[in-house]
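See the structures that follow.
What follows is a pair of complexes built around subunit A, which joins subunit B in one and subunit C in the other.
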Partner chain A sequence: MAQAHRTPQPRAAPSQPRAFKLVLLGSGSVGKSSLALRYVKNDFKNILPTVGCAFFTKVVDVGTASLKLEIWDTAGQEKYHSVCHLYFRGANAALLVYDITRKDSFLKAQQWLKDLEKELHPEEVLVMLVGNKTDLSEEREVTFQEGKEFAESQKLLFMETSAKLNYQVSEVFSAVAQELLQRDDREGQAPQGDAAVALNEGPARQAKCCAH
Partner chain B sequence: MEYEDKAGRPSKPPSPKQNVRKNLDFEPLSTTALILEDRPANLPAKPAEEAQKHRQQYEEMVVQAKKRELKEAQRRKKQLEERCRVEESIGNAVLTWNNEILPNWETMWCSRKVRDLWWQGIPPSVRGKVWSLAIGNELNITHELFDICLARAKERWRSLSTGGSEVENEDAGFSAADREASLELIKLDISRTFPNLCIFQQGGPYHDMLHSILGAYTCYRPDVGYVQGMSFIAAVLILNLDTADAFIAFSNLLNKPCQMAFFRVDHGLMLTYFAAFEVFFEENLPKLFAHFKKNNLTPDIYLIDWIFTLYSKSLPLDLACRIWDVFCRDGEEFLFRTALGILKLFEDILTKMDFIHMAQFLTRLPEDLPAEELFASIATIQMQSRNKKWAQVLTALQKDSREMEKGSPSLRH
Partner chain C sequence: KRYVRKGVPLEHRARVWMALSGAQAQMDQNPGYYHRLLQGERNPRLEDAIRTDLNRTFPDNVKFRKTTEPCLQKTLYNVLLAYGHHNQGVGYCQGMNFIAGYLILITNNEEESFWLLDALVGRILPDYYSPAMLGLKTDQEVLGELVRAKLPAVGALMERLGVLWTLVVSRWFICLFVDVLPVETVLRIWDCLFNEGSKIIFRVALTLIKQHQEFILEATSIPDICDKFKQITKGSFVMECHTFMQKIFSEPGSLSMATVAKLRESCRARLLAQG
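Up next is the complex of A and B:
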C-alpha cells in the first residue's frame, strides 16, 4: 500500500523548497485535523472524523531557508491502527497528539511512540509530543509537568496547544521545521537527492528556473 | 435538497408552477428606474443639440437595459422550465416505481427498462424502499432482534454512565475498556456526522436514531464493533428509512464481503481489493495509472475513505445517494467503478499534479462535482479486463495472496 516515501523523492523539482513528510498520530478526536487546519488555513470548525488519511501542505520559512511540510493527517481510531502504520513509514517528523482532558489519549500517544520506534530509527524521525485543547484546562487530566517529563525522558520536543484558540499552533510546526532543517544541515545530507544540491546553492536557487 | 423537508425547515421554495402562472418574472421591470429628467429649473437650459444627444444616449441605454433584462428573463424561464421538466420526470418516475416496479419487484427489478430508470437515480420518496429490497436481508434480522440489541445497548450506556464495571462476561475477548472506548467514540462521531445538516447532533431530530443504530450494531456484532466511517453509512440510511429498517439495511450492507473486509480492517484482504482495483485502473486509464505509479500514489490513499464511507463523506450527499442507488443494485464492483469514474473525470488535472497535491485533491474532491458528468464518466468505465470480470479478477488475486502467505509468511503486511 502506501509506499515508503523515504529514500530519494523524485517529485519535488530542484527549484522548490525541500519537502519533509510530517505525520500526525494520536487517538480519535484529540484534534489532529484541527491542528492541521488551524496551521494551514487558520481555520477552526467542526471537522468530520478522518477515515484513512487527509493531506495538507505548507511552505514554512525558517530564517533564510524555507521548506515544504507535507502533512499526513491520520485516522485516530484504534481499529485503523494497522492502516496508520502504512502512513508513518518514510516520515521525517511525527506529532504525537493527545488531548489534555483525556488520560487515555496520553497513554495512547506513548504507545504510538513505541510503534514508531519499532519501525523507524530515532535519528530518522523527529518526534514532538503535543498536548492539545488547553482551552479546556478545567477538565485537564494530564498536567503540563507530566507531558513535559515524559517528553524529556524520551528526548522528544514538547508543547501544549489549543487549535480552537490558536494557541501555539504555528509554534509547534515552526519548531519542527527548524529542527528538521538543523538536523538536515548537521547531517549534511538532505532527504531528497537533487533537492539537497539546490539547498547548497543558497538563495540563488529561487531565481533559477529549472523546474523540468 | 430533499432532506430539508425531513429536517423540518420551512425553507421550501414556492412551487415553480405557481410562478409560471403569475408570469411576472419574465416581464422586464427595472427599466422604469431609468428616467431622463430635464435639468433643474435653476440651472441654464441645455442647448438643443446637447439635449438631443442626451435623449439619444438615454434611449440607447434603455434599449440596452431592456435587451439585458429580456435575456435574463429568458434565461430564468429556461431554468424554470428545466426544473419543471426534472420535477415532472421525477414525478413520473415515482409513479412508475410505485405502480409498476415495486409491486412486481421479483420479475421486474433486473429488466432493461428498470435498469435504465435506476441509473438515472431513484426518486427520494421510494429510495429507501428500493434500497431495502436491493440490499435484502440475508441475515434475517427482525424488528424484534433490533429491539433486543437496542435494549442491550441502552443497558450498557446506563451502566457506563453510573460507572458500573460489573458488565457481563459473555463477549469474551472484547474487553470492557475496548467497548467503553467505542461507545465514547460513537458519541463523539455522531456530533461530527454531516454537521452541516444539523440533524444528527445532540438535540437534533435524528440524533437518537443514529445513536440507536450504531449502539445496537455493536451489540449485534461485537466482533466488528464500531468503526469510524460507520456513522456516515447509518446516517445516509436514516435519511431514507425508518430506524428498524435502517438497522436491517445497515447490518446487511456491512455484512457484504467487501464491507466486512474493510470494517474488520483485514489488511491482507484490503490489499487484494486494491490490487484488483489497479488491474481495472490500468486497463481503463493507462496514462493516469502510470502517472500514479511514478508518483508512488497507491490506491489506499484515496480508496480507504471512499470505500469505508461509501462516498457519503467525499461526494455531495445527493450525488452519494445516486452512487448508493447503483451500488445497491450492482454491488461492490460499482464502488470501484465509481472510483475509476472519478479518476477519469479529473484525469487532466491529476496528470499535472505531484504526489501530495493528488493526495490532497482526491481526499477532498471539489464540492460542486457535477452529477451528470460523473455518471457519464462512470458509464465509460469497462469493468472487464482480458475477458475477466471484477469478481473473477478478485478471486484470482485472493487465491494468489493466500498461496503467497503460505509460502512466505514474512511477506505479509
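Up next is the complex of A and C:
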C-alpha cells in the first residue's frame, strides 16, 4: 500500500486496529477474571481475587475488520468501588457479570449499571449483561428468562456463559466487538477521541447514513 | 536494624516479628481476647465475604487445599473473622487474605497471626483497608510525588500518558508484595516493614521503578505501562533477595519518616479537597 500520499484519517490506519476499552464489572467471585483469562489465553484455573485492576489486550477479527480490545478487569469487592470507578473513564463497553447461582450477584449487577450510568453517558458505552457459571446450572438461582428480561428492559446485550467449560465466552467478546465496530462506523469517528467532545453529540448521532 | 535488614532466619521469624511489631505485648496484655472474638455473635455478611475468598487464597499451596488435613483454610477463616470483629471499621478487605495467609505460614499459630495482622493493619500501615481506602489512595499519591522528585523522567511520562498510579501499584500496597514478588523477597521486606514501618513500601517501589527506568520509559501507552509494571516485578533482580534488599536502602536515596509524613499530609488534604 502506498504510504506517501495517504490523506490523514481520523482513525488509525488499517495496519493498526482501532482500540476499544472494555471494562469487566460485577460482584466478587462471579468470574470476571476467569472470563478474561479464558478469552485471552484459553485457560481456566483457580484465580486469586483481583485486587485493584488487571489488564489484558486481544486483537479480534470481525469479518474483514479487526480491532483491539483493551480489557480492564476490576476488583469485585465493594470496598474497591471508590478506587475502581476511576477505571470506568473512557470505556467503550462494559460486561456486567453475575453468577447464575447467586441472586445477590444479579441484583448487584443491576446496581453496577446505575453506577455506570452515573459515570458515563448511557449512549456512550455498550453494555452486555453476562450470566456466568452455566456449568453449575443445578444450583441456578437466576433463570435465563430473568436475565434476558432485565437486559431487554435496559436495552443491554445478554448472554450466558461458562468460563470453566468455555461455553459462549468468545461469543460474548465477539458480539461486543462486532457491535462496537458497527457503532463506530455509524458514527465515523475514532473511539478514543476526546470524551468531552463525544458527550456533546446527543441526538445527532442517530444519523446512520454515512456509509464507510 | 542492621541485623534485621540482613534478614531474619526463618526459624526465628515469627518470634522476631511478634517482638518488633508489638504484637507480642498486645497478646500478653489481652489474654483470651482472640478466642472471645470467635465465640461472640457473628456477622453473616463478614462471614460471606471471607468465605468467598477462602478457596482463592494460595490455591497452589497444598496446606491451603480443602482436602488437606489439617487445612489452613479454617485457620485463615478464623483469623480473618476475628479480625473483622475486632476492627469493625475495616471488617474484611480483599488483600488481607493474602497477608494473613503468609502470617499463618510463618507463625504456624492462629492467635499470633491475628496479633501480627492487627499490628500491620491497625498500626504499621495507614488506613489501606478501610471502606474509603483513603490511606491507600494517599500513599499512591505519595509514591507519585516521590517519583516526580527522584525519578522525574518517569514522573513526566506517567503524567503525559495520564496513568493513575492506582492502576499499576494497587497490588503492591494492598498485598504488601505478596504474589507480586518472590516469597523469600517478600519475607525479607516484611522483616524490615515490622521493624521500620510503612516507608519500606516506598523504598521497594522506588527501587523497582528506578532499576527499570529505561525500560519503563520505552512505554508509549497506558497498556504499555501496565505491562511494564508487571514485568519489573519479575526476573533475577527481585529473585536475588540479598542484593535486592541492599538496593532498597541505597538506590532511592534518603527517605525519612518525616518526609513521608509530610507528603502524606499534603496528598491526603488534596484528595479530601477533590472529594
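As a convention for this text, the second predicted complex is superposed on the first by the 176 of 212 C-alpha atoms of A that agree within 3 Å, B and C clash if a C-alpha of one lies under 4 Å from a C-alpha of the other, contacts with A are read in each partner's own complex, and residues count from 1 in each chain.
Convention: a contact is a pair of C-beta atoms (placed from the backbone, for glycine too) under 8 Å apart; a residue touches a chain by one contact, two chains touch by 3 or more.
Note that the coordinates shown come from a computational prediction; the quantities given were computed from them, not determined experimentally.
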Following the superposition defined at the top, how do subunit B and subunit C come out on subunit A, clash or fit? clash
I'd like to know which partner A:53 touches here: subunit B for first, subunit C for second, both or neither. both
When both complexes are superposed, which of subunit B and subunit C contacts more residues belonging to subunit A? B
Show which residues of subunit A both subunit B and subunit C reach, each in its own complex. 28-29, 46-49, 51-53, 55, 57, 70, 75, 77, 79-80, 82-83, 86
Given the complex with subunit A, which residues does subunit C contribute to the contact? 49, 52-53, 55-57, 59-60, 93-95, 97-98, 129, 131-133, 136-137, 164, 166-167, 170-171, 174-175, 179, 223, 226-227
Counting only contacts in the complex, subunit B reaches subunit A at residues 178, 181, 185, 188-189, 191-193, 195, 225, 227-229, 231, 265, 267, 270-271, 274, 295-296, 298-302, 304-305, 308-309, 313, 354-357, 359-360, 363-364
Would you mind writing out the residues of subunit A in touch with subunit B in their complex? 1-3, 5, 11-12, 19, 28-29, 46-57, 70, 75-80, 82-83, 86, 104
As the complex stands, subunit A meets subunit C at residues 28-29, 46-49, 51-53, 55, 57, 70, 75, 77, 79-80, 82-83, 86-87
